[in-house]
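Presented below are the structures under discussion, each in the form of structure tokens.
Next come two complexes, and both contain chain A; in the first it sits with chain B, in the second with chain C.
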Partner chain A sequence: MEKCSFDHRVLQDDVFLINPGKTLDNSNAHEMVQALTNAQADGFRFVIMDLAALEFLSSAGVGSLLGSVDLFRERDGDIILCNVPSPIMHILTVLDLTEFFTIRPNEQEAAVACGKE
Partner chain B sequence: MPSTLKLNAAIPVPAELGGWAEDQFEERVRATLKTSPPTVLLDCAALQLVTSRHIELLWRTRLRCQRGATEVRLQNPTRGLMRILTILDLAELFYCTPSPSDGFSGRPAIDPGSTRANYQDKFLPIAGEIVSASERFDAFLAALPAPELTRFELRTIFYEVASNISQHGGINEGIPVAFWAEVGPGRVMMTFADTGREYDPTAAEVDFVARTAAKQRRIRGFGIPMVRRMADAMSYIRGADGRNILTIVKTWSL
Partner chain C sequence: MTHQTGQETRSLNDSRHGIAYGDKSVLALGALANLTSQFADNPTLPGLVEALAYTIAGQFSVANAFVAIKNPDERFGPAIVFGTGKYHGNPALVQLDDAITAEAVLRSQASPIRVESLLDDPFTHQLATAWRTAGVLLIAPFFSGEKLIGVMGLGNRVGGKSFSDGDLDLASAFVNTITPLVANAFIFAEISYLNAWYLDILNNVKQAVLVIDENGIISTINASGREMLAGLSSAAIRDASPVGLPISRVFGEDAFPGWLTRLSPDGARGTSSRTESLIARIDGTERIFSVTIGIVPGPAACQIDTIVTLHDVTAQKNVEQRLFDLERFAEKGMMASSIAHELNNFLGVILGGLELMQVYIERGTVSPLPDTLEKLKANVDKMTRFTAGLMDYSRLDTKKQNSNLNSILTDVMSFIAVQKRFTRIEIQTDLDPDLPDMDVDGDQLSQLLINLLNNAADAIVETKRQDGRIVVKTRHDNTQVMLSMSDNGVGIAPEVKERLFKEHLTTKKTGHGYGLVTCAKIIANHQGTVDIESTRGEGTTFVIRFPR
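Entry: the complex of A and B
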């Protein structure tokens, strides 16, 4: 895996987990796009995005996820969001993205959504 | 000095323009001017959210009155209207009175003290400054008697608008963006004034469909749709001095 500037770990063979931290905004959205692009290039079909610590999600942050998700879906994978705090869920709701993104309450259920136990 | 008591009743300026209410307003102005009064009173109490069309209407009315040597006074101007007139440097051209019983003092319509916002700030349109300004506004919001999600939305709106000005306004980074927020019962009105190129975020077709945006690998252009969906009302005016004045109202249930 190429350098990823966010907290991350490999969960299982083709599942990669990223924790973006407290903010996903103009300051790091480009890095998120890069991290997701690298993960896909390295053969990970799924990325679980653990948003538990996320306090602020700007439109640039939304764009980094939305603009990258088809990289994975086109290869039968996905970006799965989990541990989404209520203000962040509100942002996704306002943008009508709660149905579009795969969202699970926690990491375990996100792993299940990847077809993993 | 004319007495208010001898004047025609104040003509209400309608909040909703483009329909019957505006026609009614125009008709009342026309009828009033036929009597060649020394002064015409325009009651602006309904203008909680001021758009460029309201300013145009007031300006047009002032010109009509001027042709007949009639003075125009604004009655009950809202703080939002006073703010916009001040920003547009039109304040000195109108006179006001809070109510007819106060009579006319001949003082300028805009008392600078009364246009003071509950919160005001200036910041350079660069990333670090926007973050700092966002944190200052956040501290102001912490004391706001609004639901937590509303405060979160207000902070998000501030950040998105400021970022949009910085990234897309073609703005001189050395000229600060001015920001005001006024709090009323169950509402906040935010005003941004910047010197960037003309851009009306209320008119632009910027909404998106998630599936299409994802297919296009689109990573930008979600800020204004986000703001538009969070705001209860927005208005935009391009000032005669070349500044963009964006006003956003956010309300909540008390």
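Entry: the complex of A and C
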């Protein structure tokens, strides 16, 4: 895995977990796209995005995720959001994205969604 | 919740999902605040373009969005573009040149614009087709005043949903709010590029340019300045940037005596940007600088800075001195040749006189001999005067007295005619019988006529023609006395004619090129002018005009 500026770990052979931290906005949107692109290039079909610590998600942060989802879905993979805090879920609801994103309550269930449990 | 669009007031509640557009508006405001705080103070165009593309993707729930801003300085490349998702790195989306062609159409529509609506217009058809092929559904142009500076585009909404009227209203408000930020960034980039350009110019100036503030601190210096100061300053200064250093630390008082005071704004005020030479002693060696000191407004209000340009002209001055010495040396050689040439002319006249006397003696005609001898003596006297007083043609002493050009001409002709070079040449005279007397130097005019006649004869001899002819005319009017001398010699090439009196020039194998220079000097001594008409192979006419 090329360097990833976010907390991350490999869960399975083709499942990569990223923790974006407290903020996902203009300041790190491009880094997030880079991390997701690198993960896909390294053969990970799934990325579990653990949003437990996320306090601020801007439109730009959402944009970085939206633009990357197809990278995985086109290869029978996905970006799965888990541990989504309530304010963040509200934003996704406002943007009408709760059905678009695969969202799971926790890491285990996200792993199940990857077909790994 | 309501949203004022300017045209109408519309409910922004989306009844399908029970979500208030007010929430989206709040989110959009948050996004705008985020962008503004990030880019208001540091509006880098590439950064803004990228952040804006991610923001509109998220705000309008699209995977594929792009933002393209025209490059303020086309020297730095095409438009600055950033795309998300599948639009990332897709150059086909931009076509800003086409968009600029369609500028008027884009301005006429409410933003954002559905790409479909642009297909029918011939001005936008090609552009809209390219966008539609890439999957762009909505576009919004950015204008800075009347100028289209960029465009943003949105692809399909994720999940196969379409853009509602509420989405369009929100997009409209978003674009209206974001446009000033984009325009500011564009203007900032334009200024930055201009600054870079001016800095490039400044750094390419060979002279050292320094700006010194009111406290004597160097605030700006160009590349030549750094280079020059590196050679002048102490080792401690050499390794540091001179910016921020007091000028007194950089320019030692011993190297530039008295000039530190001049470099202060107070000292500079009296200078009014004039250039002076400054002699400095650096490491025991004398160096010469061309220095200009002026004042410029400083960055703060009421601040007056000093701008100094320094150019080390030591080498140039040394070369100038050497050239000056060489010129003087060459001038001496030239004078020697010129004198020899003129003496040769006198000798020619004397020889002519002697040949005439020989003819008289052979014929046994002695009566003209005293007169001829007298004329020969007069010419020897002229030679003496020439050698005594006219050695340096550049300081020809002009002793004018009231004389008649016809008389001088007749006098000269009587000696010239018998010279060998004129034996096959017919000399015709057409002299104005009422020609007024003028204040002239008779010796100088004789010299002028001899030179011109010799040149005419040589030009005829060169043609090897048997009907060589020189026609000398005099005329006058109220303001001037005119002399013309025409020959049917080889003529003068146009490029030679241009240079004839300006430099030492000869086209003759044995010529020196100084005869006409002397002629020019004599004509100038009499405030006269000369015109030349010449055709190659047909001949030349000199027309000399003297003021009365």
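Here are a few things to note about the model shown:
To be clear about the criterion, the second predicted complex is superposed on the first by the 117 of 117 C-alpha atoms of A that agree within 3 Å, B and C clash if a C-alpha of one lies under 4 Å from a C-alpha of the other, contacts with A are read in each partner's own complex, and residues count from 1 in each chain.
In the analysis below, a residue touches a chain if its C-beta (ideal position, glycine included) is under 8 Å from a C-beta of that chain, and two chains touch if they have at least 3 such contacts.
Because the structure is a prediction, the values reported are computed rather than measured.
By the touch criterion defined above, A:P87 reaches chain B but does not reach chain C. Residue contacts after overlaying the shared chain place A:S59 against chain B and chain C alike. After overlaying the two complexes on the shared chain, residue contacts for A:P20 are found with neither chain B nor chain C.
In the superposed model, A:G77 makes contact with neither chain B nor chain C.
Of the two partner chains, both chain B and chain C are touched by A:L97. Residue contacts after overlaying the shared chain place A:A29 against chain B and chain C alike. In the superposed pair of complexes, A:V69 makes contact with chain B and with chain C alike. Comparing which residues of chain A touch chain B with which touch chain C, the overlap comprises 25-27, 29, 33, 58-60, 62-64, 66-70, 90-91, 94-97, 100. Of all residues in chain A, only 25-27, 29, 33, 56, 58-60, 62-64, 66-71, 73, 86-87, 90-91, 94-97, 100 touch chain B in the complex they form. If you check the complex, the residues on chain B that touch chain A are 127, 131, 148-149, 152-153, 155-156, 159-160, 163, 167, 210-211, 213-223, 225-226, 229-230.
Remark: chain A residues 25-27, 29-30, 33, 58-70, 90-91, 93-97, 99-100 touch chain C in the complex.
In the complex of the two chains, the chain C residues touching chain A come out as 17, 19, 23-24, 27-28, 30-31, 34-35, 38, 50-51, 53-59, 61-65, 84-86, 88, 158-159, 161.
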